[in-house]
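Next come two complexes, and both contain chain A; in the first it sits with chain B, in the second with chain C.
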Partner chain A sequence: MSASYQAILWNRQKKIYDTILVSFLLLYAILFVSVNLIIHPEITFETLLIRTTATLAFLLLHIILMIGPLARLHPVFLPLLYNRRHLGVTMFCVAAIHGIFSIIQFHALGNVHPLVSLFLSNTHYGSLPYFPFQALGFLALIIFMLMAVTSHDFWLENLSPKVWKTLHMGVYLAYALVLMHVMLGVIQYETSPVLVVLLGLGLLLLLGLHVAASRKEHQKDQEGFAYNPEADGFIRVCALDEIAENRAKIVSLPEERIAIFRYANHLSAVSNVCKHQNGPLGEGRIIDGCITCPWHGYQYLPHNGSSPPPFKEKVATYDVKLVGRTVYVHPKAYPEGTERPPAVVPTNTIMI
Partner chain B sequence: MRKILPPPDEFYVGYLPEAPNTTATFLKNVVIGIGIVIAILALILVLYQKKFSTNHFEFGINTTVQGYLYTDQVPRIRVPLGKDFHGQEIYQTMLLVGFGKFGASEAIAQLEQSTGVSLHGRFVALTGSLIYGDGKALLQIIPQDNPAERLLAAGTSPMGHEETLVLQSKGETLLPGEVVDSKCFFGVMKPGEGKPHRSCAVRCIAGGIPPILKVKQANNKTAYYLILAEDYTMVNQEILPIVGQPVRLKGRVIQMEDWNLLLVNRQSLLSVTSQVNEWPGLLALDKRFTLCQSE
Partner chain C sequence: MIKPLRTYHFYLWRIWVVLLPLGFILALWVIPRNQTSVHPSSVAIKGETTLVYHAPSPCCDFNLRQTTGVPGYQLELVLKKQLKVPACLVYLRTDKDQLIGQLGQVGTYYFDLPSALQHFDEATITLQDPIHQQVITTIQLPL
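Let's turn to the complex of A and B:
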């Protein structure tokens, strides 16, 4: 939650995450290299390096792209999301070894500059089977690089979350580029169908998870909520008992989503969208009196939507009222960080 | 699904030291699962690669060979191996290539400068790194490895009568195959052919490394043809657009001892390759073979 640039904050969870990540990299690389040396002793060092890093980076890319929809499908996967950017930066580093080494191997020590050679040695840009597949890999690598260097929250703050998010959606474009890089590259040379099948399975898995996650999201939005404002503009939300202590109810309005939190005999409503990376605040909890985002744990005070000092993030707030045991919210958003009095829950209505 | 997933009221906060219990257990299983999948994928990817050639590049190892140096369009050294049954000298011709993606002509020019003599036809002791496979051999030479005294130590006699080259015409044919650069193909890179290697082959051939037509034969053996124009000059630039893809080349086959030459018509090669390179060359989409007519 820092607006200024700080080195990455390490904590125990991140350390566990990174230890597992490094072990997986080593497991893959050691297996790939050693089995290759046993089965294909005539392989060259360069090919071994290029292929180990290529396949490893593409594998990591699949894992990265699976985490988002998995976390939306079930919160148990949220811990994988928490530190996903380390995974992203690692994937970029591995892909960069592959890309840079390929440029050296295939384009250096020639009669033109390696980067000129990369784009102009093969000029069949109008042909599918002969297409210069390496140029696609290069573009993907540039996207990964932009994402990796802007991955720190410092950039999120400076580029504005919207620009940042758009930039980071580029990962899907990069995935498509890499897929074509492989299809129009080694697949044109290799004879085994197994590799194409694997690529297809990877694509299906990613598509399947994304479709399932967006379906679920869509269903939630549709969930029997009638948008019928009363004369005073308030909307009926639900019965008080439907909101558990320290949890929220998310209301999906046509334009926005509002999270109504119940905590210590109070009800407060804030925008459902976390300032960090648009995480769903309403799926979070009240911890130590603060709304805590389920994605990376950014915190906000429920009555004014502001992060506790020294942090500066603020979200919009809304008016809430309780009539009998029914919760109402007013859809008019107050400017981010505006203090609104919480609705008070009479003590005798607390259910134990 | 419900059973294996932890209850929804657990809440994970990344910066707290401990993850909630059931979440942690569940994720431990997920992590073990991912580990197993990663290991299996590594094995599958290794097992289902296409086999690599046994061609070999003696990287960093120098070997000295003695033979007749030819400094013409295809720089090469013709190494006498001994006499055959009929008392005739047998030769192995090693193509010469330079460092990186360059032919040997620059290196040879430097050698001629340092020795101060014309080297064409001379018997020399040449030092370089061997590249070999499938009965063919190349030598990568660097001027620094070949000081004048050592190079000429083998003797300076011009070629004798019995050493003259015999060329045998094998007639006109149309050969299906792939144009590769001899240096990478015979051992420097694996794969040194096909789509993944195409741009590299283009760079190498553009840099003067002899292009070769590689032809799969019915008996599963491979035949190799050094590609030259009908006047025995290089066609390295003209051939670039069809490198590394299936082609048929028409030309006259000439046997030069242990190598075959394929002499193609420069004009028809140009007309075909300029078509291939046309923008947008969508023609290439359904044309598996590019035809090079020599007449």
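Let's turn to the complex of A and C:
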């Protein structure tokens, strides 16, 4: 969280994250090159470089695509999500090295422009076995490039989180393109089954994780339709004891989710959607009197949904009331940053 | 995520769970069936050999050798200068195409040819660029 833009807002977590990332890259490169030099001693430097970067980028892409659903399925994976953008930009850089060297290697020796050669040297677009698979990889690289150059918070702020997130969901299309790039490319003349098996396992893992995570979220959204408003428009949420101190209960309404926080004998409700990257505020907790997003630590004051000065982020607020030991929320959202009086939890109410 | 994006994610992955495995299986389905049975040998055959055929070309020399008293052949391919194409596959063509290996750096490569080759009167060795789908060179092997 920053009041001004910096290239990278370094902190201890990011330094640890990036140190592990760079160590992994180096270790993978050393291992892959060593094994290939043993198995294929005749291999050229260019081919080795192209293969190393190709496999490394595809492996990183799998890891990146696994982090999102894993974090949705279990909070233990949230630390991986915190600095996923560095992982994404790194993956793009590795994929770009692969793409650039492949274009030089395969298309720079002719009498036409390499990019023209990329799309027109093989024109079997109607044939599956002879399909010009390199074009698929190139299109995926363009998507990765758009994602990498817009990865900074400057673009997130200026494009709006919704547009930014939609753009970055292009990674799912890019994955499909890369998968077919590999399947219609190297797999067509690779004699070892190892690569096919690894690709198949990666595909199954990603499909399983994303379907499980999206199903879980979809079920939560469907629960919202079960809430029936009372005569005054309030909706019964839960018993007070179901909300732990400094934690929230999330209510899924047809429009969007609301997070009702309990803190210091008060109850306040805000939109569950963080203004930064639309993270689930209700899965965070109150730290230093502020609602803290579990994804990147963005903070909001619970009674008005505003970030503490000098930050300017604001989320919508809602009315909450406590009747006996039952918590109610009104589904009408107030404009972002509107102060609403919190419901007071009587001090003689015993927390179980 | 906001609800519209959650819904988008939900339906996209339900489509992907059908399309991606389908693409995966189709790509496996179209792999040429006759290209995986023979691997190149990294060493020359031992024992007394006979040079059956020698064919020089500007980029490489083809030497077909046979061990005395043993069925089957070994193709010695001497790549004399770096190929202009970066990927080069070596096919043996008889009544069908068979991938027997790949070429990389300048050097000598050995490919053990299947013993069934002796049943044919002639075979063809083709060097092919798989990226551009172009034939680099072809030689006939009189057997």
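Quick notes on this structure:
Rule of thumb we're sticking to: the second predicted complex is superposed on the first by the 337 of 352 C-alpha atoms of A that agree within 3 Å, B and C clash if a C-alpha of one lies under 4 Å from a C-alpha of the other, contacts with A are read in each partner's own complex, and residues count from 1 in each chain.
The definition used in the following text is that a contact is a pair of C-beta atoms (placed from the backbone, for glycine too) under 8 Å apart; a residue touches a chain by one contact, two chains touch by 3 or more.
Keep in mind that what you see is a predicted model, and the values were worked out from it rather than measured.
Applying the stated clash criterion after superposition on chain A shows that chain B and chain C collide.
In the superposition on chain A, A:337 makes contact with neither chain B nor chain C. Judged by the touch definition given at the top, the superposed model places A:105 against both chain B and chain C. Of the two partner chains placed by superposition, chain B and chain C are both touched by A:189. By the touch criterion defined above, A:297 reaches chain B but does not reach chain C.
Once the two complexes are laid over each other on the shared chain, residue contacts for A:80 go to chain B alone; chain C is not touched.
Between chain B and chain C, more residues of chain A are touched by B. Touch criterion not met for A:170: it reaches neither chain B nor chain C.
By the touch criterion defined above, A:129 reaches both chain B and chain C. Once the two complexes are laid over each other on the shared chain, residue contacts for A:40 go to chain B and to chain C alike. The clash between chain B and chain C in the overlaid arrangement falls on one stretch of those listed (115-123, 187-195 or 277-285), that is 187-195.
Chain A residues 40, 42-44, 46-47, 105-106, 109, 121-122, 124, 128-130, 134, 184, 188-189, 191 lie at the interface with chain B in one structure and with chain C in the other. On chain A, the positions that touch chain C within their shared complex are 40-44, 46-47, 105-106, 109, 121-122, 124, 128-130, 134, 161-162, 165-166, 169, 172, 176, 179-180, 183-184, 187-189, 191, 196, 199-200, 203, 207, 210-211, 214-215, 217-218, 221, 255-257, 273, 278.
Residues of chain B touching chain A in their complex: 5-6, 8, 10-19, 23, 26-27, 30-31, 34-35, 38-39, 41-54, 56-57, 99-102, 189-191, 194-200, 202-204, 206-207, 241, 244-245, 276-285.
The part of chain C that touches chain A in the complex is made up of residues 1-10, 12-14, 16-17, 19-21, 23-24, 26-28, 30-32, 35-36, 39, 42, 84-87, 89, 99, 102, 104-105, 107, 109, 130-133.
The touching residues of chain A, counted against chain B in their complex, run 9, 11-14, 20, 23-24, 27-28, 31-32, 35-36, 39-40, 42-44, 46-47, 51, 55, 59, 63, 74-80, 82-83, 105-112, 117-118, 121-130, 132-134, 184-186, 188-192, 194-195, 198, 284-285, 287, 292, 294, 296-297.
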